[in-house]
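Same chain, two partners: chain A is paired with chain B first, then with chain C.
Entry: the complex of A and B
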């Protein structure tokens, strides 16, 4: 039974299932296949962002710039498709490369220039958003703002297998690989070591700079993937795409069990956290709660989820401590 | 008639409290379920036979007034249900909400798109299910039943004309603008710039800076502009909030500026009456909402298909350039 006890985020998963069950019982429209399809397609990008965000948070850092990286990668795609008329096979790798470079730059600022992650990524959040405005094809060629992107490869992402969107499979791959990376590789152990005790990690000879840079690069890469998903759904991109999305991604990661102190968490919890946000948003709307009450309830439910998760974790630790 | 507005606010506050109570029930039952006793008594009210949803850009005085206008019309017939949703100014959230209301089986969707193209796939999805979509102020590139907007371009042209006349046909003026990426910004800015060229070619637009639709931000931005151009004669805020911010600066520095806003919200009209604001483009936003609702009720109940609007119904709202002379014509019941 040890394996059952080791299932990560068991408490969160139960909370999630119960929340879904309650909305199902309250709203006939909620308990339809189409609704679950909507939640999957509407929040897979959030899941990808939350998994990416888990890496900096595991290090005890944070990445506030992901929303701006989403916009930057999206705008690179917009320009590539609509101004230069390039095919997806070229534009998509360029979008992802842009987001990785943006992530690495965050990492360099944090390790090279020794800036606080909060400060460094707050600054790059503004910088990347500014660059997005500067390169915006919507500003340079205003008539493009009303043209949609019709690249087959990119729009192929907006397809389904039954009720399951491709974006959801992309999320599963990202979360699975990330969990593998964290749980079964040397790099993963380094991440937990640096996040758990930076000084001890340094003394143990762990390459802190490289580990940090890779974590922020992964966060940037995930932002690029999220941009791909969003652009494929919207068939366009915007300068203000992803404003405020970093906070949702951070919330999803924390609800998913990643500790802001670093060193605790995994890549599966954030996915549940992201879909919990989606279930709450769509559930509250389908139950018919007014817009003005929704943010309050969303906050309370999230607090409940985190509290429940932590209280049970605390109790289990207490029990473990006693049995030893 | 002021009481009527107060009533609306009272009602919406009561609505919020009621919903918080219902929500507490949801949260409460979720807690109860965790300990093993699922409370099944919490059930939402029976849905009305004809459901309509309005997905706003984000909560704002303008969209609240639209919602009020829509409800004015729908409340005449009890068979209509209405729900107001918050797009959170995020294109992805808005798309998700579109999918949600389509799945919920609404009969008509009102939407103020965050992005004209981005909302397109969702509008097409609604069309496949035979749900008419009516856009407010921001159009979509996808074909839909109707579009009703303020007359941004020509209104801004007339603002330029009025401002130019008030500053004597020459001098320097500044624009306090919205962030790029929103079509209204471009229409209003272009209208103002073209209007100045046409009516007052000797007036120079010396600054065009972003103040985020926001009164406080507008104060800071205008203070900076005034440092560079102390001889500024006029300011155009592309919404009333920014114009009011400019008015605050003029008042505190004790300088005379000809300030125009856009939209025509209650505070701006009062400032015009007090002589602090030169003018604004006023649109009866209640009426705009009522018109949208009238179209919606016809489409939902008149046996008319959205496709019968072979060409998309497109209405530009009439407006008044409200200045000290004309503001009195806007009745209290028209103020939002």
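Entry: the complex of A and C
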């Protein structure tokens, strides 16, 4: 029994399965192969973003700029493919490098300039979006706006194995590697230590600045991967790509058990969180609730998850208090 | 007991603004030696420790470890050189397991950078076995009792293969029994040629555990010699200076116990909280100090929290000045003139970022404002009165509370509750982590409050303190009252035997 008790996210997984079961019984169009394909296609990139978001949140921080990094990386891709006519083997690494640099810049603001993560990434959220407009090939060469990208390597990403899109496998790889990183490496232990008790981590000689910068770089990298998935599917990019997506990514990470207090969570929970979000949003849509309700629902789910996190924190505090 | 010199600090100096926190301090610690470091709050102990752990870079001075000069100012470098510190406040990550906490930041790894979990566990088991420390490796630290958390800290320091161990008031949160265990561990460390710098306010401990002592006052080393060469009065005199030492001596002489007990003020009957404390009954009189003492875990804090309305009571009733008293929350209790000074100053009592004045008037904003607007003059007058009455130093209302020494913070905290016609003052461990000088000042404040007719209830584990200030003492054991005694007719050994239950 003890080994069962140690499985993380098991309540979340059960909740996920029950939710899927309920929608399957309510709506005939929910329990179709196409619908599950839709959910996988619509939310795999969300899962990637949520896994990335878990790193700053584990540190006790947050990354609000991921939506803008998605747009920035997407626009770098647009320019590379359509203005410069470069091949995917060059453009794709450049897109990812751009997102990593954006992430590192967040980290430097937070550790170097000692800004609060919320404020720092709120500011870069505006900055990266602004830069996206400034470099937009759509503005510079209006005739390119209607052309689609036809790079083989990029379009190859938008493919399927049965009902499963490649993006889903990419998500599995990202989540698996992230979990390995968090659970089995010293860097991962350092992340939990910094998030759990910053002062103890500092006194243990853990390089807090470097750990923080890497976490935001990972969050940026995941935003770059999400941009890749989106651009390959749309075969173009836009300045307003990924607007508001940070809200869903944060909600998915927190639903997935990453505590805003820092120090608790993992990389698998956010994946389940992202698909739970997808199942609920698409499911409610299929049983007849309007799409306009989606942001409202996302917000409510976020509130619910944060509230639940507070309740858990209260319980932990109570336990600590009793033992003293 | 003279081993090789493991750590030598020379001319260590640190200035904050214009003031010297530490001036030209020398310190040596030898292998297999326990050196006590004593000093009043603000004498520079914390600064010295921070320099030795690398948390603070000194303005001048050198550190040598086994003859090698170490560039100061980096925690990682000091740890590598074999200096480890057990901090007064737990420095653990509550959400991680014991195993992960022991190896925080330096888990053994495989070639690929993956943590070698098996090796980690084996090392931990070897370590704990070697020192006979019993800890559940897979338990999350936040779920452990405080005493066990301290052991995790010790294990963490030992796992560093530390040659020099700094212990910053390691017994502050421990029960008597646990202190014995700790001393046993220190003995076995000495046999393994570890050098220990032992910081404590409890003079008994210093005479029991240390061979040498370094005394700091106002940032300077005023004495460094074997403990045997300096007796208690002399140590005290060096520590706090001539005048205060005399005052402390008169406190322990027992003249405080002349009792002018008034009316029963707070009467408690059969107070019970299921699974915590049972059938606790006592009466607290106006103009008396009643101390509640007992071992860690005897539920004293839980009891006073319930009296204050912070926790729920399952049964029992209370009378305050002849009227029924059943506070649903602290606000109710405060309105009836009951005040509570919690144990953890930093977390529960003070706004460290705010000024002395803001903290002092916080609990009485109503009486210094009109129509909801603060009356600046009234506020200032009140603040100055409190500062001089309590002897808060520096006597500046604008000073940030977080920058005050521990003793002065405690005075502000007490001052916060003094206005409002407080009838019952409850204090939880009021002098933990406070130096001898400030202790004696706080005792004077409490004594004068008592003479003004306040009823004072103090939770204390410090037997010297109980004997010095209490009129009566209530001993609790495992949530039950073991007995209530007059301190005039009680000896220290008797009290200890009641507490321990022999």
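Following the convention adopted for this analysis, the second predicted complex is superposed on the first by the 289 of 324 C-alpha atoms of A that agree within 3 Å, B and C clash if a C-alpha of one lies under 4 Å from a C-alpha of the other, contacts with A are read in each partner's own complex, and residues count from 1 in each chain.
The rule is short, and it goes like this: a contact is a pair of C-beta atoms (placed from the backbone, for glycine too) under 8 Å apart; a residue touches a chain by one contact, two chains touch by 3 or more.
Not measured: the values here are computed from a predicted model.
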Overlay on chain A: chain C relative to chain B, clash or fit: fit
Which partner reaches more residues of chain A (counting touched residues only), chain B or chain C: B
Chain B versus chain C as contact partner of A:76, first or second or both or neither: neither
First, second, both or neither for A:15, with chain B first and chain C second: first
Touching partner for A:240 - first (chain B), second (chain C), both, neither: first
Which of chain B and chain C A:25 touches, first, second, both or neither: first
First (chain B), second (chain C), both or neither touched by A:192: second
Which of chain B and chain C A:264 touches, first, second, both or neither: second
Partner chain in contact with A:200 - chain B first, chain C second, else both or neither: second
Contacts of A:250 with chain B and chain C, given as first, second, both or neither: neither
Closest Cα approach, chain C to chain B, once both complexes are overlaid on chain A (Å): 28
Chain C-contacting residues of chain A that also contact chain B: none
Of all residues in chain B, those that touch chain A in their complex: 12, 15-16, 19-20, 22-23, 26-27, 29-31, 33-34, 38, 40, 42-45, 56, 59, 83-86, 88-93, 95-97, 99-101, 103-105, 114-118, 120-121, 141, 179-181, 183, 186
Residues on chain C engaged by chain A in the complex (per definition of touch): 53, 55, 75-76, 79-80, 85, 87, 91-96, 100, 103-107, 109, 113-115, 117, 142-146, 301
Footprint of chain C on chain A - complex, ascending: 180, 184-190, 192-193, 196-197, 199-207, 263-264, 316, 319-320, 323-324
Touching residues (chain side chain A, partner chain B) in the complex: 14-15, 18-19, 21-23, 25-27, 29, 32, 34-35, 38, 41-43, 45, 133, 136, 138-139, 142, 145-148, 158, 230, 233-236, 238-245, 278, 281-282, 284-294, 296-297, 300-301, 304, 308
